[in-house]
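Dropping a structure here in structure tokens format, bear with me for questions.
The first chain written gets the first letter, and so on, giving A, B and C; residue counts start at 1 in each chain.
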Amino acid sequence: MNNNYVIEAENLTKTFGNFTAVDSISFNVKKGEIFGFLGANGAGKTTAMKMLTGLLSPSSGKATVVGYDVFSQSEQIKKRIGYMSQKFSLYEDLTLYENIRFFAGIYGLSNSQIKEKANELIHRFQLEDLRKTLVGELPLGWKQKIAFSIAVIHSPSIVFLDEPTGGVDPITRRQFWEMIYETAHRGVTVFVTTHYMDEAEYCDRISMMVDGRIEALDSPTGLKKRYETDNMDEVFLKIARAK
Amino acid sequence: MSSILIKDIEKSYSDCRSLEPVNIEVNEGEIFGLIGPDGAGKTTLIRILTSLLIPDAGEAYVMGLDVVKEYKKVRQIIGYMPGKFALYTDLSIKENLDLFAGIFDTTIEENYHLIAPIYSQIEPFKDRLAGNLSGGMKQKLALSCALIHKPEVLFLDEPTTGVDPVSRKEFWDMLRDLKKYGITIFVSTPYMDEAKRCDRIALIQEGKILGVATPKEIEDKFNKELYAIKADDMHLLITHLRNYENTHSAYPFGESCHFAPKGKFDIEHLTNYLKEKCEKEFEIAKISPGIEDSFIELMVKEDE
Amino acid sequence: MKKLLVFTKKEFYHIFRDKKTLLILFGMPIIQILLFGFAITNEINNANISIYDKSKDFQSQKLINKILATNYFKLHSYLSSDSEIEETFKTGEVKQVIVIEPNFTENLNKEGSANIHIISDATDPNTGTTLINYTSSIIRIFTNELNNVAMPDFIIDNQMEMRYNKSLKGVYLFVPGLITVILMLVSAMMTSISLTREKENGNMELLLASPMKPIIIIISKVIPYLLIAYIDAILILIMGKFIFGVPIVGSLLLLLLECALFIMMALSLGIFISTKAKTQQVALMVSLVGLMLPTILLSGFIFPIENMPLPLQVVARINPSSWFIIIVKDIMLKGAGLELLWQETLVLIGMTVGFILLSIKNFKIRL
């Protein structure tokens, strides 16, 4: 196992009965990379992510995340990763502080650590007044940003983001990506899926899944060169249509 | 007669203002886009127009019918595709379509020509239960059910949310094809790039309408010069630009940064500044603003 | 009209495509009646008893034969000493010990009285009491026979109620109670869940934005559950009659009509619940706690209403199930006709109308 790789997948496969959701994918993700995991709906992205985050066992093939095997050591993996998705981020009927405390607790932080990190987070976003506000009352943009901070509160080596900016206003979207940049800068690997093609440009490398297989894996510049176009939208169209 | 007329519509929920006075007029046969992020009030407005919610103030008319007082008539002539998939998951494609045809006292055959380009793509699977369809297929089925009775006005609430760019493009191609039947289409979306495919749009943010115009007119609302600057490290570039004295705004837009100068733009001055900051290779090109640029600008103005 | 047909067909699809629902609607009644009929009975049959006959003479033998001739008791052993009584109870194999004093016959003839000591294992007080009751009544009959007193029209029959046992045990009562429970379950609970599900899934949003009249939506949901509830009721009656011999003494037609009335009442109640409940969970909870529990516990089905503390009695009197159980019981077991049951019927009609009106008032034509 190469210490520079946070994810190593080799012929990773998942079948459900006759249906092959993920068809023997192989790829590596470097430490500190912003890795974009793209693909159409139903291409197998979510299934692949679930395997990498220890939520689903592979049918065959192998993969390691932060050095642990996804099949036999999924519990170890869960302790060392962060996760955030569009569908669920925070508990709406708990206050801001309670949410932070809850998730930090789940990630195994001690009480003093929780206090310290919570205050740090609240201070960074200047949310002192909102400490006791129910998260449900916060605007969506704030929720997503806070959820992201909470996802990395335990300093994981890698954070998985599942369409984190869906439906969010353009300014917040960009602020979110600034947070991603800062996080990657600190050495945390970011594994992100998105449907916004301009966000694909912000990644160091991108993989595109079509019908369960990885059809392309390269930097945005590399992909644009290969498909002879100057924007990622076209790249996506060409790859998806080729099938 | 405008097909949709919204006059000073307001709506509040408990203590939060969902819609501030909204005024929009939509022409017959138009594709009208309501563009804005989640929580902006798009669904609330559409629900008022489809007679599912009563506004706190103001009036709205669909094809001249008052959505509150004449709701029964409104419900005869509109087609609706809600934000969440609302068809029956334990009925097949064909059963769902038959059901909605029955609701509107028509048959699939009667208006088949209208839905054919859409329905023909899922027709091979007509006996499959709706719950077992992929996202794209569900979309097409929901659209077919909304069109089966040849409505005069079609309301689509975020029909492309969570869908990949290819399917989104196909969906909008289908919508444009519907124009020839003269159906007014009122569609909401958080995707700025879809705004360009509408005849006219309204930008909405936190319950306020930031502007109602054609896409081009909205772009023109960005009344500063705009430049696209490319560099190797986007993040660093943005930081430098934000610290530059003549910066009005600097936002990442994919592979380049959109930069708007505060005052007169001096390209040499900027070039020197960036070189000083050790930016090695960079390109500066003048561009015309897009919808998203305008939206951001209008958002910021609103906050001030 | 066509819309109604189309929608009713859809409702049938929903029901028949959901295996879990089908199990509840058809499996439950069958399982329940078998359970109640065979397994759960307050009667006691074949209770093991030991007899310590200190007389061993003609009359004592006659009495013992009479006791053992019934299905209630099974002879475990004859005891021969006092100490054996405690030991036998300790083994737990015996529920009652009957001790007949010495010189039983002689005492009866000479003094006209004799003593019998009945000892019941009262670690389960219900069983203990019941067995003593059984034994006492047998002894009473024996006494009457000795005195040649004419027997009142009272037969100790395995299946009919004990004369002085107000709580009416036996499968005869379970059938009316079961019909009530099943009808309440199918008509009220399933209907309320079905309507609320449309709200929860978002289907209702789409239906409201269409020319569908709410009344058609409601009726289309009601018809399948009406039919199924009826089938269940008939199923229970048939099983009751042919498996357990429960008679229908009164008019079958009246019984079926009253069933229809109760079903209508329960349906309108289910619809009313659905107008208030936002999610299926809420509808389920309200139905279970607000309807099923009172139907099982506070309707006179298992526990007699007269024995309840006053506040619960009040609740029981408001409970529509209590009224319906009386109707079914009286028709089935006593052959009562409408002239005796008009009050109860009127109450049910009133409740039905009330719930329908409430439902109409509360049904939201918008979100």
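Criterion: contacts are C-beta pairs under 8 Å (C-beta built on N, C-alpha and C of every residue); 3 or more make two chains touch, one makes a residue touch a chain.
Here the structure is a predicted model, which means the values were calculated and not measured.
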Are any chains cut off from the rest when chain B is left out, and what groups are there? A | C
Counting C-beta pairs in contact, does A-B beat B-C or the other way around? A-B
Distance from the CA centroid of chain B to that of chain C, rounded to the nearest Å? 60
Taking each chain's centre as the mean position of its Cα atoms, how many Å separate chain A from chain B? 26
Could you list, by residue number, the parts of chain B that touch chain A in their complex? 16, 36-40, 134-136, 158, 161-167, 169, 190, 192-193, 205-206, 234-235, 238, 251-255, 292, 295-296, 299-300
Chain C partner, complex, touching residues on chain B are 47, 50-54, 71-72, 75-76, 78, 80, 82, 84-91, 95, 98-100, 102-105
Going by the contact rule at the top, pick out the chain C residues touching chain B in the complex. 2-3, 6-7, 10, 13-14, 17-18, 201-203, 205-212, 365-367
Touching residues of chain A toward chain B in the complex: what are they? 39-43, 137, 139-141, 163, 166-172, 174, 177-178, 181, 185, 195, 197-202, 220-221, 231-233, 236-237, 240-241
